[in-house]
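In the part that follows, the structures are each spelled out as structure tokens.
The two complexes that follow have subunit A in common; it is paired with subunit B in the first and with subunit C in the second.
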Partner chain A sequence: MARFVNVDRQATLKTALYYPAVWTGLWITARHFFVNMGRHTLHAIGLKGGKPGSTTLQYPEVMRPLPRVLRSLHRIKVHEDGRPKCTACMLCETACPDFCISITPMEHDGSPEEKAPAEFRIDLDRCCFCGFCVEACPKDAIYMDTQIMEISSDRRENFILRLPELLDPRPLLCTGPEFRGKSVEKVLPHLSWRRLDHVTPVRVDLSYRTEQLARLHAGNPGTRPAGLE
Partner chain B sequence: MPKLTIDGRPVEVSSGTRLIEACKQAGVVVPHFCYHPGLSVAGNCRMCMVEIEMGGRSRVAASCVEPALDGMTIRTASAEVLDTRQGVMEFLLLNHPIDCPYCDCAGECKLQDYYMEWGAIDTGSRRETEAVHKPKRQEIGPHVMLDSERCVLCSRCVRFCQEVTGTHELGIEERGSHSTLHLAEGKSLDNPYSGNVVDLCPVGALTDRDFRFQRRVWFLRKADSICPGCSKGCNLELQFDEQRDYKNPASGRRVQRVKPRFNEQVNQWWLCDRGRYGYPAIDQGRLEQPRVTRDSQLALTDWEDALGEAARHLDDELRRHADQTAVLFSPDMSCEDLLAARSLFLDQLKVTRADYQLELDPRGVEDGLLMKADLHPNRAGCAALGLKRGAFADGHLLDEIRSGRVRSLVCFHWDLPALLGAEARELLTHLRFLLVITPREQAWDTLAHVQLPAAVTAEQSGSFINCDGLGQRFQAAFAPLGAAHRGVDLLLELGARLGRRPAQATLDALVKRLEAEVPALRGLQMPLAPARHVSKEAAPR
Partner chain C sequence: MLFEILLALVKVVVILLGVILPLAALLTWAERKQSAVMQDRIGANRADILGLRVWGLFNILADGIKAFSKEDWVPPFANRFLFNIAPFVGLFAAMVTFAVIPFGPPLTIGGREIALQVADLNVGFLYILAFGSMGVYSVVLAGWASNNKFAQLGAMRGISQMISYEVVLGLSLVGIVLVTGSVRLPEIVAAQGQHWFGWIPKWGVFTQPLAFLLFLPAAIAETKRVPFDIPEGESEIIGYNLEYSGAKFALFLLGEFMEIVVLAALVTTLFFGGWQVPWLADTGFVLGNGATLDLAPALVAVLRLGSFLLKLLFFCWLQLLIRWTLPRFRFDHLLRLGWKEMLPLALLNVVVTAFVMLS
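Now for the complex of A and B:
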């Protein structure tokens, strides 16, 4: 049961000491602001001898160097002829503790491995970035070395990576409001601070799956068991 | 009766037993590729070598060839045996391609298993020449894909085609490491049992074209079932993957493949291709929702409405023209369904005209091996449950309808529109009421007044009695598709709408009654799923 008590809080000397403390705090913040602004101004007009304006990293224009072993967004490597290294063996799907990977395999006549992924989906909403898929891959196809960690969206479907994004993850960085509607080629120069060389495929060729995808999408979903979606 | 010692365990086996079988009886599994209990002994893989000590001398010999003799001492894991085994594995793996990531056999491959168990030795690379390459990806028949490079030349498939089917399609050509499995000149592996070579192949050389790249075998779950394809009642395993299906909605098939289950009395190790590749019928062409015809308009509806409609009409017919009502049971129904249907229609509703056979029934091909001409799995079950043949006065359903002696009909499973043909379909329009209970989408259109979707064999537990009078029980693999319900549940619910309390209200009670009534079904062991009631299930929205 609630009880209300009226307390009359009188200003005492002890509480009055609070006001000078507030002013001291504000002064310290303001001093740092003006001193740093001065340093950045000197940096901007070239009087800092090449040194940064302050010790703070100017993200996102400047990227903190990330350790090479960091597990970031997934990618799938491609062969020189542009076909994915993935052979849809499903070992990553088997190893995944979050069931976030789902692969639809298909026959690939042009590949010595005979098999290729028609679709490869990673549901980032479920992924815990454990890296088991990377460990499991016998074909050295899946990697988590893109160093892309800024994954945000207001739509759930944007968290599902598919084969084209996995083979070339650069378009994923072009989703900011300032890049909306612009092509990757237009946006990439703005991302020069990114290290993207190692994730830039020479060639991506997904033509092998065009027919199969059309067949899959034309398939009859009416026969699937109810209650699983 | 020779007495021998296997790995220190004394065993007594019947005379003439091969050592490999004697070891199995002693609980020791000897690794092997070419030996198969259903085929002749080839003794060519040399994987089953064991050490035999007899009369003070010991030697290493192939256990699939040597008969068990009195006084033998067998060692299956001595240093010499392990050394031999590793040598055999090294030869087998020498030219074997590392296709495991995309080989469908990975996960159930003997070579993989034995490598992990016996062959994972570091001999260093001795290869100085290029590996022997052989043709890959050969479609040698409608169901089988051959990859010669993966073949370990065990010749099981060759012996199967010689000894079991007698069709001689396969042979091994060339010599040494160039030996290759080949199709005979001008032949194709298209005999009606060709799928069995895939089961026989211990490695991924012969793979199923139908299952090719569909699922990895370790994702599959399985249920013991009985083939509903003919009256032989072959034992089979339904291998399915419901968990992953939602990710690939377009694939639309729950059963991924069918494998035979060993049964000495029925099918031994084998299964015909018709039974093996007939499983798409489980998911395709199914009636998924009750249908009702009102004012010549066909409408999808829910169970409440459909059952109410069926009960109202049936009640009306039975009250006024009981002698004009007929029931056509089907030998595709399980014994449990038949008993529930019999007790409702014959025992309680006192319908006098009933039959379970049609003169128009198509016949299949019969051969000496497994396939039977009777394409229904449970005709013997119908007879065992006391259902009478020729209960229609003249023995012919069509005549009965034509002459107006039958004016309302309850039809189970039979696809009458397809069987009758166009002109005879017109006859069905003479019926005042037609209730159809079937798992299949059939061309009834507005002919049937109510169509109720039933479950197929894979979706319910039950039992069949095969052509030899052998009772066999099967297990439900998964829930019925869409809004379909198991025949027993559906009949109990229909009975309740007609104001009939069933004598056996649950599946367990039905099974007990069956066991009491039919000797062939006594003492069958297999867990049965608990009964569910239709009305407790959510109706389709």
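Now for the complex of A and C:
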């Protein structure tokens, strides 16, 4: 049953006059204007100490501090000798609710685990950034702490991360139009403000895959084996 | 005679190209920057020439280039002629109003007195009201010629709003005319140079405070800006300039910014003493207690011109402040405010002023 509520909307003299409320509002915005203009002026004449005149961050040049637990773009950690920590145990692929991870395992005699990923693909178009893969990983290999969030492209294939990009995600940031046609080595120093030190691998060594890749290519002449470069 | 015509032409060029147009262009930038500063933001600062940004001033240039490089589209169902002239009517009305504003005291150069005013009409006050109401034609023509239901609805809202507030606008100014006893704007300004008890300047805002409180909102309603932007209502109800694009749409906006300058000049002239500086006579400062400070005539003239410019800029700033502070009226509230609240007060003001002047 409908309820009827009688609300007395009779305007008092103060609200009917408009002017008191109008001047109060104007006073608030004018105060903001003058306080901020004062701060801008102080900064302009070189007094950098005071409060900033605005809360704006000039985004592409200045990054907002992100929480450390934020789930951003994936990466796979490497051992000191450049080997991926991943042992292709498939736990993350199993845990993934979106089926966006696909791993092609291979034997790797040189490692204590005797197993390594020949390819590791993450389809970012499907990924929901839930972080279940990170929790599932028994080797602490996959992480989502790169703080890279600018994932955009006009092509679907650019949303598929492969093993080299997962081991060193920094080049993914160098895809903007201002970096087009430039080598990653030249661009990366300009991105130092992004604080990518924690995702910078000491060394990446994927040489263990070459034999396996060659064998797979030879076994399927003319075709590209699924899940491999 | 030829000299007079040349002088008038020079005045027109200097005022139009030297003051109003640059000020209107600057206001497009000031509006974005001021609103940003009021809202703790930075505002437009990215447009640059060779890496030089100058606080985003080049955004004016970028906006202009953008507007003029867009397609000049006239809808096939529109009345082409009326559609094309509508924005120019608004611009014209805003520009010519400035002709009667005295922006400085008469200068005497080489034995010849030069009035710092384009046209010293003896009906200056009526001229302002007449051309102020020309602005409504721009809205009507734009809405009607677009042959678009929504544009026409916007134009109808515009007509009823602007005509309603014109009544209050005219009546609130009658008080000023009664007090100063003239409809010539230079005389109105000169009358505001007197003082009560030698201390309080006889500015319109002090002699006619109620008229000022009625004039300001009514005049802002005439400029169709935010608390009264019902004819346009860009954020949801869209209005009379719906079918316009490119340069003609930019002309509507430029006309609006010119109206801001004109309104600021009007408020300054009618209510804040025009070019008068408090306690500044022709010879120098004369204070209420008899103390005097003699100044050179040139310095006095500069002070008075500066005072006009300062007041002009202040009222431009105040209008932007109002535009970025107050939300829009609902349409019935707007008309109720105009007809049932402001009009009786304006009439009361006229009657009371007349009685006080008689007694």
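Keep in mind that, in the parts below, the second predicted complex is superposed on the first by the 162 of 229 C-alpha atoms of A that agree within 3 Å, B and C clash if a C-alpha of one lies under 4 Å from a C-alpha of the other, contacts with A are read in each partner's own complex, and residues count from 1 in each chain.
In this section, contacts are C-beta pairs under 8 Å (C-beta built on N, C-alpha and C of every residue); 3 or more make two chains touch, one makes a residue touch a chain.
It should be emphasised that the depicted structure is a prediction, and the values quoted were computed from it without experimental measurement.
Engineer: Where does A:91 make contact in the superposed view: on subunit B (first), on subunit C (second), on both, or on neither?
Structural biologist: In the superposition, A:91 contacts subunit B only.
Engineer: Which partner does A:33 contact after superposing on A: first (subunit B), second (subunit C), both, neither?
Structural biologist: second
Engineer: After lining up the shared chain so the two structures overlap, which partner does A:217 touch, if you call subunit B first and subunit C second: first, second, both or neither?
Structural biologist: Only subunit B is touched by A:217; subunit C is not.
Engineer: Give one of first, second, both or neither to describe whether A:106 is in contact with subunit B, with subunit C, with both, or with none.
Structural biologist: first
Engineer: If we overlay the two complexes on their shared chain A, which of subunit B and subunit C does A:139 touch? Say first, second, both or neither.
Structural biologist: First partner only, subunit B.
Engineer: Name the contact category of A:55: first (subunit B only), second (subunit C only), both, or neither.
Structural biologist: It touches subunit C, and subunit B stays clear.
Engineer: Of subunit B and subunit C, which one touches more residues of subunit A?
Structural biologist: The partner making contact with more of subunit A's residues is B.
Engineer: Flag every residue of subunit A that touches subunit B in the complex, lowest number first.
Structural biologist: Within the complex, subunit A contacts subunit B at residues 87-91, 94, 102, 104-107, 113-115, 121, 138-139, 215-226, 228-229.
Engineer: Can you list the subunit A residues touching subunit C in their complex?
Structural biologist: Subunit A residues touching subunit C: 16, 18-19, 22, 25-26, 28-30, 32-33, 36-37, 40, 53-56, 58.
Engineer: Once bound in the complex, which stretches of subunit B touch subunit A?
Structural biologist: The touching residues are 99-102, 106, 136-137, 212-214, 216, 218-219, 242, 244-254, 283-284, 286, 288, 478-479, 481-482.
Engineer: Please output the residues of subunit C touching subunit A within their complex, sorted ascending.
Structural biologist: 34, 36-42, 213, 321-322, 324-326, 337, 341
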